[in-house]
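First subunit A sits with subunit B, and in the next complex the same chain sits with subunit C.
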Partner chain A sequence: MIRPGLIIGPLAIATTMIVAILAPEISPHSPYRSSVDMLALPSPAHLLGTDDLGRDIASRVIYGARTSLTIGFGATIVAMAIGIPLGLTAGYIRGRVDTVLVALIDLFIALPGLVLALIITVMVGPTLRNLVLVLGFVMWPPIARLVRGQALAVRETVFVEAARAIGGSRAWIIRRHVWPNILPVVASQFAVSVSFAIFTSASLSFLGLGIPAPTADWGGMVRSGYDYLAINPLMSLAPGAAVTFTVMGFYVFGASFK
Partner chain B sequence: MCVMVPTALLVTALLFCSVNGLLGSPAAMMLGQDASPQTIAELDAEYGFDQPLAVQYMRWLGEALRGDLGRSYTTRQSVAQAVGNSLPVTIELAVWSILLATSLAIVLNTIPTARLLITRTTAAVNVVGITVPNFMLGISLIFLFSVELQWLPTTGWAPWSDGVITHLRHIIMPVLTLSSYYFGVFSIVYRAELHAVTRQMFIRVAQAKGLGEWRVAFRHAMPNAILPVITFVGISAGQLAGGAVVTETIFSMPGIGRLFVRSIETHDFPTMLAVGMLIVVSVVLMNLLADIAYTIANPQIRFDP
Partner chain C sequence: MTWDIGRREALAAIGGSLLLGNAARAETPQSGGTLNVGLVNDAKTYDPIYSVEFSERVVLYLVFNTLVKYAPDFSIRPELAKSWETSPDGKRIVFTLQDGVTFHDGTPFNADAVKWNIEKRLDPAVQSPQRNLLAPIIASIEILDPQRVAFNLTQPSPGIFSLLGDRPGFMVSPTAWQKLGKDFGGQPVGTGAFKFKEWVRGSQVTLEKSPNYWEKGLPYLDRIMVRDLAGSVVGLQRLLTGEIDYVGELTPSDIVPLERRTDIVLAPIKVGRWYFLQWHVNAAPFDNAKLRLAFAHAIDRGRINDITMRGKGTVSNGPTPEGLWWYDPSIRSFDYDPAKAKALLTEAGYPNGFDAVLATPQVTMFQQLDQLLQEQLAAVGIRLTLPPVAASEWYSKVVNGTTNMTPSRWTQRADPDGLLTILFDSKGFANTMKYSNPQVDALLQQARTTYDIPTRKRLYTEVQQMIVNDLPMMPLIFSAEYGALRSNVRGFEWIPDQIPRFREVWKA
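Here is the complex of A and B:
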C-alpha cells in the first residue's frame, strides 16, 4: 500500500513550486502597486480582497511563494553543505574530529532554533541573503548528527571492509560506498529541513524580523493582517494558510519517505 | 550538565557582541540621532561602553551571577524585576500546554481501535499539529472564537486575582496554540512505542486471560509505552521556548517571550541578554530534568554519572 503522504506531499510541493515559477503570469495584479481601494473585501476584481495599502492580497500570496521557497531551499542547501561533510568525516574517520563534532552538535542542539535565529538575525539584519545563511547555520547540527549516525553504521558493513581490503582510499570509499547508502535518508531529511526553514522564517517574519517591506512575504503578511482581522480576515488567514500548506507538503513528503 | 555552561556562555557572548559590535554603541542608541559625539562619549564612559568587549562581558557575567542583571535602557526598571514579573506567566503557559499535550496524546492514542479510518485520522491530526505554525493557529482561533463567535477575549492577560473564570478565558487559546505542536510530536513518539509494546508477550497473556481490550490498553500497554514521551518533553523544551515567544506575541501575554521580542525591537540590550540567557539555561535544565525523570520512572536504568 502506498503511503498517502507520498501523494499529498509531492502534490503540495509541486503546486507551490508552479505557483512560484508562474507568479508573474498567474497573479491578477502587481503585488506591490497600492491603490485607494484599501481593505476591500473579496470581489471578482480582488479574489481575496486588498490589504491596508490597497494591494491585491491574492497576488501577494502568489509572489510570497517565491520568497518562502527561496528561503526554504536556500537555507537547507546551506545547512546540508555544512552538515553532510562534517557528518561524513566524523562518522567515517572517527577519532578526534568525531569527539569535537559531537560536542559541538550537542551544544547547538540544546539551543532553541527559533530563539537562536532571532538573536543572529538581529545581529546581521534581516535581508534575504542573511536569512538564508542564518537559518542554514541554525539547521546544520541535526543534519550532521543524522549523517554521522548513518556513516557509523555503513562503516561497519562487509562491503566497506571489502573496499578497504582492496586498497581503496578513504575519499573513494566515502564517495562510492558510504555516501550512496546514506543518500535516501538525506533526501528525506532535505524535505523535512525545507519545511522547518519555511516554518521558522515565517515565524521570524511574524515577529517582525523577516524580509523588510514591501517584499511579499507570508509571515510578514500574517503579521500586518493581524490588526485588521475584524475587517478582512483573509489579509492574515490567506498567507497563513499558504505557509501551512507548504510546510505540511514538505513535512509529509519527508516523513513518509523514510 | 557539562553542555549547559558553555552553551550559556556562548549565547550570552554572541548577544553581547551583536549589540555592541554591530548595532553600534548602546549610548548612541539611548540618546537618539541628535546627540552630539561628546555626550555619547560621556555616557559611554559612565556605563563602561568604551572598554574592550571582553572586559565588559566579564563584568556583566560577574554581576549576572550575583543576581544583578542591570537596568532596562527603555523603562529604567530593574531587569531582574521585569524578568521576575514575566516568568510566572510563561511558566503557567508552558505547564498547561505540556500537560494538555501529553495527556491528550497519551489518552487519544491508547484508545483501542482497529479501524483504519480512525488510525488514519489521528495520524493526520498529528501531522497538522506539527506543521501548523503557531501564529496561524493562534490567529485562526482568535478569528473564530473572539471575532466571529465573540466567546473569548481576543488578547491580553488576566491574573488569577481577577477570578478563575476570567483567568482561564484568557489563557485557553494560548494554551491550545502552544500545545498543538507537542500534541503531534508526543503522539508520534508514543504511538511508535505503543506499537512495539503491544507486540510483546505480556500483552498477549493479558488478552488470553480474557481481559477487555480497554483494560489491556490502559493498564498493561500504556504504562510501558510512556517513557519515551517523558524524554521528549525535555528534548522539545527548546521548541517550547520558540513557540512561547510566538504565542505570547500573538496573544499579547506579558511573559518572557514577549519581553524578549520587545527588548529586540527597542534594542534594550540588558533585557535581551538576561532573557536570552534565561531561555538557554532553562532549556538545558529541562533536558536535565527529563533525564532524571526518566531514570526515576524506569527502574531498569540506573543513573550512571
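Here is the complex of A and C:
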C-alpha cells in the first residue's frame, strides 16, 4: 500500500512551487502597492481582503511562497553542504576524527535551533542571504549525525569490506559504495529540513527578525496582522495557513520515506 | 454613545466645553468605586525627582500635585500655587501657595517644602535629570513667608511655568524623601488626591483615596488600580470584558471594532503626536540641500495620513499642530511634486537614483510609515532599504549617531520652547539631526526670554518656517489617537501632553 504522505506531500510541494514560479502571472495585484482601502474584508476585487497598508493579501501570500521556498531550499543546501561531508568523514574514517566531530555535533544539537538562529541573526542582521546562511548553519548538525550513523552501518557491510580488500581508496569507496546507499535517507532528510527551515524562518519573522519589509514574507505577515485580528483576521490567518500547508507538505513527504 | 469625531470637531472642543464634559455636566458626580486603568507601563521609579519614563506620570499626577497645572488648551492654571506675580523685568516670580495643604505623611506643605523641592533638583549631587532644565534659568529660591516663595531667575523665562506643571513641579514630601532615601521611588509621598498603597512590579499599582485631600469634594473614586498591559490591543480585549475601565494609545484602526459598541466611549486626543523623517543634516549625503529637497517633494503626506491614520490625523507642515497657541497656518512645508523631486535628484548629482538606509524600529506605526515612504520615494528613483531595529535599541542608536535616517515622533510640550529648543537648538539635548543654524539659535533665545504672547508667537512663526525650510527633517503628520473608556466612566478629559489624568474621574 502506498503511504498517504507520498501523495499528499508531493501534491502540496508541487502546488507551492507552481504558485511561486507563476506568482507574477497569477497574482491579482502587486504585492507592494498600497491603497487607501485598508483592512478591507474579502471581496471579488480582493479575495482575502487587504492589509494595514491597503495591499492585496492574496497577492502577498502568493509572493510569499517565493520567499519561503528560497529560504527553505537555500538553507537546506547550505546545511547539506556542511553536514554530508562531515558526517561521511566521521562515520567512515572513525577514530579520533570521529570523536572530535561527534562532540562538535552534540554540542550544536544541545542548543535549540531557533534560539541559536535568533542570536546569530541579531548579530549579523536579517537579510535574505544572511537568513539562508544562518539557518543552514543551525541545521547542519542533525544532518551530519544522520549521515554518520548511516555511514557507520554501511562501512561494516560485506560489499564495502570486499571493496577494501581489492585495494580501493577511501575516497573511491565512499563515493561508489557508501554514498549511493545513504542517498535515500538523505533525500528524506532534505525534505524534512526544508520544512524546518521554512518554519524557523517564519518564527524568526514573527519575532521581528525576518526579511526586511516590504518583502512578502509569511512569518512577517502573521506578525503584522496580529494587531488587526479583530478587523480582518485573514491578514494573519492566510499566511499562517500557507506556512502550515507548505511545512506539512515537505514534512509528510520526508517522513514517509523513513 | 460613540465619540468617533473628526479632527476638526476635536479641535473645536479645545478651550471650550469638552465632549465628555458635556455628558458629565448633566449629572452630579458620584463618589465611590474603583477605576481600573490599563497601561503599557514601563515605570522604573515613582520618585518625581528621578522620573524619566513617559508612563510614570500617569501615577505621579495622582499621588502628587504640581505647583501649576495645564488646562486642556495648555494654558497655565493654579494648583499648589494659588497665584503668582512676575516682576517688571521678568526675572523674579513670587508664588503664593494654597493654605492648609499637608503631605500624606502629615508634613505641612509650605514655602520651605517648595524651596527644598527645587533645590533638590538643582543639587548636582542628587543627579536629577531635571537639573539641566532648571539650572540655566533658576538663580535662587527665596522664602518670603510660609505661604510665599520667590523664584529669582537668570533671565526672563516664560517657559518656567510649563516646567512647573510637569516633573520639576511635582512637590515631594521632604520628610519622607529624606527618611526613605532610595526606597522613595517605590513608596512615594505627595499631596495628591490619591495615596500610594502598593506597587507589584510588572503587574499593578494600587492607589487609595486621600481622605483629607485639599481640593474640596475631590476625589470621587475610592481606589485606582493601574494594571500593566502587554499592549493596547490586548488591553482592548480586557476593556470589552469589563475587566479594565480605560485603555489608551489606540490607533484609528484599533478602534474600528469599537465603533458600534454602546458600552464603550472613545476619547480622541486633541493634539496629535508629531511624526517626521529625520537625517544627519550636516554630513554627507544629507548635507546636500537639493537631495533633501528631492526627498521633501517626493513625499505625499496626505496619503500617509489617509493610510496610517485613516485620514483622521492631520498633515504636518511644521513642528506645531493646530490647537496650540504657537501654531501658525502660514507655515508651509514642501508640496508633493514627484516630477520636481526627480529633477532635483538629478540636480543634486544623482541622475541614476539614490540608495539609502531608513531605520525601521519594530513599532507598528514606524513600520507602516517606512513602507509608505519607501514606496513613494521609489517612484522618483530613491531606493530605500528598511533594516529592522529593536524598539528598545532604536533611540539609543539615534542618539549615538549610528542611525542616520529614521522616522521619529514627539509629543507636544506645554511651552513652545520645550520641543523647539530640545530638537532644533544647536545645543538641544534631542537634536539628533545635528542641526545648527545660528539664526535659529538666536531667535529661540529671544523667544524664550519674552513674556508677551503675540511677540513670542511672531518669533516662533519665523523660527519654525526657517527650520522647515532648512529641512533637518521632513514633517509628516500629526497622529489621531484614542483613549477608550467603559461608558460609565465620567469626567475624563485630555491634556495635549497625552498623559491621561484621572483625578476628577468618577463612575456612574
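Going forward, the second predicted complex is superposed on the first by the 258 of 258 C-alpha atoms of A that agree within 3 Å, B and C clash if a C-alpha of one lies under 4 Å from a C-alpha of the other, contacts with A are read in each partner's own complex, and residues count from 1 in each chain.
Everything below uses one rule, namely that contacts are C-beta pairs under 8 Å (C-beta built on N, C-alpha and C of every residue); 3 or more make two chains touch, one makes a residue touch a chain.
Note that the structure is a prediction, hence the values are computed from the model and not measured.
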Task: May I ask you to decide whether A:159 touches subunit B, subunit C, both, or neither, giving the answer as first, second, both or neither?
output: neither
Query: Which partner does A:233 contact after superposing on A: first (subunit B), second (subunit C), both, neither?
result: first
Task: Report for A:126: first if it touches subunit B alone, second if subunit C alone, otherwise both or neither.
output: second
Message: With both complexes superposed on chain A, which partner does A:172 reach: first (subunit B), second (subunit C), both or neither?
response: neither
- prompt: In the superposed arrangement, which partner chain does A:213 touch: subunit B (first), subunit C (second), both, or neither?
  reply: second
Message: Can you tell me whether subunit B or subunit C touches more residues on subunit A?
response: B
Statement: Interface residues of subunit A shared by subunit B and subunit C, listed 208-209, 226, 230
- prompt: Which subunit B residues qualify as touching subunit A in the complex?
  reply: 3-4, 6-7, 10-11, 14-15, 17-19, 22-23, 120, 127-128, 130-136, 139-140, 142-143, 147, 237-243, 245-246, 249-250, 260-261, 264-265, 272, 276, 279-280, 283-284, 287
Field: Touch list for subunit A against partner subunit C, complex
entry: 32-36, 38-39, 52-54, 125-126, 208-209, 212-214, 224, 226-228, 230-231
Query: Touching subunit A in the complex: which residues of subunit C?
result: 233, 236, 253-254, 256-257, 303, 306-307, 310-311, 360, 362, 364, 367-368, 370-372, 374-375, 385-388, 390
- request: Would you tell me which residues of subunit A are touching subunit B in their complex?
  value: 4-5, 106-107, 109-116, 118-120, 122-124, 195, 199, 202-203, 206-209, 219, 222-223, 226, 229-230, 233, 236-237, 240-241, 243-244, 247-248, 251-252, 255
